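Both of the next two complexes hold subunit A, though its partner changes from subunit B to subunit C.
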Partner chain A sequence: MIRFERRLRQPGWLSVAVPVGSVIVAFGLMTLVLLATGHSPGHTFSRLLDTGFGSKVAINETFVSATPLLFTGLCAAVAFRMQLFNIGGEGQLYAGAILGAAAGIALGNHSGWLSVPAMIVAGAVGGAALALVPAILRAFLSTNEIITSLMLNYVAALVINYLIFDSQSYWRDTSSPTAKVFPQGKNLPEAANWPLAHVGGLYLPFGLLLGVVLAAVIWVLYTRTRFGFEVQVIGDSPRAATYAGMRTRRKILAVMALSGAVAGIGGASQDGDFRHTLDPRGLTAAGYGYAGIVIAALGRYNPFAVCLIAFLLGGLQNAGFALQGVDFPSGLVGVMQGLILFCALGGELLVRYRVRLGSRGAQRAEATA
Partner chain B sequence: MPSAVELRDITKRFPGVVANDGVRFEAAEGEVHALLGENGAGKSTLSNILTGLYRPDEGEIVLWGEPVSFASPRDALDAGIGMVHQHFRLVPPFTVAENVILGDHRGEGKKFMVHPRRIERNVAELGKRYRIAVDPRARIWQLSLGEQQRVEILKALYRQARILILDEPTAVLTPQEAESLFETLRVMADEGRTVIFISHKLHEVKAVADRVTVLRDGRTIDTVDTGSATPRSLAALMVGREVSLAERVERDGEIGAPVLEVRGLWAHGDRGGDALRGVDLQVRTGEIVAIAGVAGNGQRELAETITGMRAAADGQVVVDGRPLRGGDAREAIRAGIAHVPEDRLHTGVAPSLSIASNVVLKSYRGKQVTRGPLLRLRAIRDHAASLIRRYDVRGGGPELPARQLSGGNLQKVVLAREFHGDPRVLVVASPTRGLDVAAIETVHRYLRDAASSGVGVLLISEDLDEILALADRVAVIYEGAIVGEVDAGATTVEEIGLLMAGGAG
Partner chain C sequence: MLVAAGGINNAVLVVVLASAVVYGTPLLYAALGELLAERAGVLNLGVEGMMLVGAVMGFWAVQRTGSLLLAIGVAAVAGGAMALIHAFLVVTLRANQIVSGLALTIFAGAAGLSSYLGNDLNLADQPAKHAFSPFLPRSWRTADVVGPVLLNQSALVYASWVCVALVAVYLSRTRPGLNLRAVGESPAAADAMGINVVAYRYVHTVVGGAFAGVGGACFSLAITPQWVDGLTSGAGWIAIALVIFAFWRPTLCLVGAYFFGAFSGIPFTFQARGILSGVPPELFQSLPYVMTVVVLVLVSSAGARRRLGAPASLGTPYVREER
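Entry: the complex of A and B
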């Protein structure tokens, strides 16, 4: 009989050994899958690494894929740290993209550099506003925020589709020739294009830099300030927080707003950095918000770890696009990405629990004692 | 009458404690047998052994003359032992009938197809026979706690339990419901079943049981006929005057003006209802006032309401002549009320955070540890290190997560933090529960020191030895009201015990 027991202490070496082991197991499983489908594992793996991380071009592409994941990963990490399970990063990203695009369009080319900060603020406001709905319900009515924030993702997806496909909204392009054939968003004005840093052959999107700065700010906020101290206490023991006279409700509102704002800036970055229009199809197909939850979990809610993991997963995603072709179906790419995630998350279990084989009687008595 | 169950020299050890130390217990067929003892006397461990949850380290369980050994709770169930726990094990969305067959692997519950009508009929018949009125089709969440308890009893009867153990069954009942429970228990005993009734309420034991076995400190003290016992004699057996761990010590310092006044305080309990019903209290500077009472008579709510963790429904808490708005722990802390809570691990500290973080749990806004919005982590660590030295906290440094400390050292951390805030009033709840003798002495010394330095101490405890060793005055709480107040120097355990049991002799 196999049983899982919670580890009382987590030895330090495990946090290195388990991820490494997980990756090895994942590649082992992938080898089996590739052999079974008649592909060469060695060739596939080297292409996977090359197209994800192997050249400057590949890394530039990986930066593009990693940027939104960084924001949604931080969004989840910020809330999960206080045991506040904001699953709504997806919808909050859409809300940020909607308001970010509106700000960019509204300012046109008249305000010069002001467009970029205005889009950031608008995106943050959009994401925060959407996140405040589950926050208020949770703080005042004890509603489960997992469900409310998840449901709002569908609402946000319907809204963003409605704006472009089912209405003559402010965001929709109605004049250009292509727009007559297929509904699309207005192109953002020149001033709304976010700058691109060029360092030694690498192109760093402005959103990526902003995300890394945000990660550092969040780290300081959570480990060095009174606000972060309260978040830690509330996350660990709400009763202890009440006992110490902390205002738990306000903290719920603030943390959810912060979490939503981060995702919202990610949405604005999609407008400004990459898509240069409000793009419902592209955004809803990508599923950045849900990937962010996985990233936050893998990074154990540490903002810097989230940066690293967003980069790695971005590379994996990006390599996936490059791998698929005539002889390599996209489903197989999905299987490979799934295996890596499955092993990484499964490995997490081993850090927190130990596996025991054997009978239960005597040990159970110990466990209950 | 033939003996139904016999426990011979049962010993069960847990790390650091001997929960049962050679316990002997015997109950006959057709009797209601009470198991009486204070918290931590070993009652729960004993019932867990009898129901197969724990295995004894030493000793023997004998049922109807046959020695048995239980590998799991299911073995005990199959042997005819049923248990009604203090916290019910029912599935709220299921009906009464469904809950009754849940886990039954011999009768209706074993079949793949469930016949709800037939089960409902059986359950209804059972209910009629034992005067347990419950609608078999009702869903658990719709039922009151008293009704849920009846379902638990039905469950045991349905599984043909011949020995039924009830763990403090009246804790969740109104007096009327308790009466009807006693009636049911009598019917069961008259049929030849054995009822083991765990309690620490003397008048109930007297009302329902044929015999009483008294446990104290994990040992069997005596088994007596209830007919020949009085609440007075039972209280003496239960509390045990001769084993007084704590000695009464005279303190320095003078008792001064009132510092904490509680006026006509009412508060709701967690399950609704009035947990406090007009409490009046006064604590003066330099004085230790104890609140004695059986668990669950409003002590927790009293501590929480005074310290602002719970809003008062009516009445006032006054510190140094200034009334508090109430319902706000931060306000109470500012007014100088320090609080050592009953649940030190989850309320008194944030268990996963470091000792350093927990030391500043209430003072993290203060000037000493902050610079603008930033925390001065080094100052916090130094402060924690100095408190660890001063209060002799053993087991680790400032960075150690609080949960890894032993109970006594954890309590020292809580006390260190609460004393350091220069309190006017100190509310301490069960400060030594679960601690070893050395730690108890230390905690008592700190409490005496606090009083000597002019703090008004309100000590809430179920341990009468502790109360008599520390307190100047003792107020007894019963069902949310103070039913009597005595001078600790001139009272006896018996006198307090009688007040605790509801006043009547």
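Entry: the complex of A and C
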């Protein structure tokens, strides 16, 4: 018989060993899935590693995939830390992309010193505005934020489609000949393209660096300020927070706005760093927001862990897209992310509990002997 | 103006009502399943993923065997298998129910296992060999109003009514049903009464998953008989909202499912009829999602005080030594 005993003290080495162990178990389970569906696991894994991390070119591509995941991962981590389950990162990223692209188009004739910061601010405003809808409903009417934030993902996806495919909006390219046949967004002016850092053969997108800086800012905010302390207290024990006179409603609004703003900057980074246009197809097909939840949970809501895991899962996603084909079906990456998350969740048990084999009676007999 | 040339059965209202029943049926199955799990105290946010896996496996079964009944069985088993993962994580391993449910949706959902299986089994772009279709006598099906709305429906619709009745009777009139409610309200008290809390939670989570699988199969075997990635487009999430809207009561699920079903059907009906063709189609397509938010707001503001009907232990693991 297996029993679980609560640990009185959580040893430090477990918080490293358990995630690593979880990933190993997840790869084991993935092997079973691949074998069950008639694929060669060794071949699949080696191609995944090679395409994700095998060369400088691969790592550059992984940076591209990791950048939006870093933002959506931070978005989820910021909110989940207060037990505020914002799963609207997907929609908030679209909202940021919409406003970011508008700022880029409008200010593109000025220098990059003006248009790039303007795009960042516009993206943050877009994401925060969308996140405030579930926040206000949760704070004042105690409406479940999980479902409302998720529903807005679908609405935001419809809005972004409408702007490019079903209207003559400000974002849509109506002049070029190809745009008459295939609806597409206006190309952002040169000055609205975000810079690219070039270090020893590696290309670091500006958005990636910005995301790492944001992670540091969030870490300071959550561990070194009164605001962060209150957020953690509300997350761990809402009742204690109320008795201590903390303003829970304001915190809900502030944390959701921050969370949405981070995802929104991720959307602006999509415009400025990579796509250079408002691209509904590409954005809605990618599923960045949902992957962000996986990343935040794996990183146990720690911003620096989110950076690392965003890079690793970015590699996985990059390889998944690059290899997609007959012997590498789409959906494999989602299955792997899910398995890793399941294993990490199950592994949490080992951090909190000690597993004992043998029945209680047997142990009592041992103790008295 | 509402009554067009085809008689009353062609009137917009009747067509919308008929589509409400069609699109409400998958919501109803999924919501009944979620209701059973939540009554046991297990919140399962993986409904969307379980529905998609049910849809893809059901479609695979019908293509392979040609038997619709078998396909429904396969969909139920597939949905139940997905729910078993969640049950193991939250009941045995005491994981956070919200995160585990989200993980299940990511694992099984539109970009996960369901898409993987659909690709691997080459199901995309296959025309369905069989699909559920209306089977009652023609003269019944063409009767005024009730014909198109209630009688011109597939067996899945009538089976869903039976399920509502069964679940309602189960919860209020049978020993296991009452035990289930005890588990959901106070697992510690139920445990003291000698009820096996762990077994109840496992069984009802898995049965709930089976219901979700059947709900998904409603899409791939009846509504749009084919397989495409993300076929359910958020129906699983609407079903979760529906359980709250129905105050955890099966009969109210029926009403709510058709209410949301109407909003899911409106974009197709209006587009086919050219009604309000000046209005962008995205506006109608966003209706089910916006209405879900609106209804949740109405329900939560009315019931914020006492969370009407929510099982008291919903979302919390039961650990005997720590009660």
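The definition used in the following text is that the second predicted complex is superposed on the first by the 277 of 369 C-alpha atoms of A that agree within 3 Å, B and C clash if a C-alpha of one lies under 4 Å from a C-alpha of the other, contacts with A are read in each partner's own complex, and residues count from 1 in each chain.
Everything that follows uses one rule, which is that contacts are C-beta pairs under 8 Å (C-beta built on N, C-alpha and C of every residue); 3 or more make two chains touch, one makes a residue touch a chain.
This structure is a prediction, so every number in the text was calculated from the model and none was measured.
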item	value
First (subunit B), second (subunit C), both or neither touched by A:330	second
Partner contacting more residues of subunit A (subunit B vs subunit C)	C
Which of subunit B and subunit C A:200 touches, first, second, both or neither	neither
Touched partner set for A:227, first subunit B, second subunit C, both or neither	first
Touching partner for A:346 - first (subunit B), second (subunit C), both, neither	second
Partner chain(s) touched by A:243 [first = subunit B, second = subunit C, both, neither]	first
Subunit A positions touched by subunit B in one structure and by subunit C in the second	none
Residue ranges of subunit B in contact with subunit A within the complex	14-15, 48, 53-55, 71-72, 307-309, 328-333, 339, 341, 343, 346-353, 357, 361-362, 364-365, 370, 373-375, 377
Contact footprint of subunit B on subunit A as seen in their complex	224-227, 229-230, 232-233, 236-237, 239-247, 361-362, 364-365, 368-369
Residues of subunit C defined as touching subunit A within the complex	45, 85, 89, 93-96, 98-100, 102-120, 229, 233-234, 237, 240-241, 244, 280-282, 285-286, 289-290, 292-293, 296-297, 300-301, 304, 321-322
Subunit C-touching residues of subunit A, taken from the complex the two chains share	4, 6, 37, 85, 87, 133, 137, 141-144, 146-148, 150-152, 154-155, 158-159, 161-162, 166-167, 287, 290-291, 293-294, 297, 329-335, 337-339, 341-342, 345-346, 348-349, 352-353
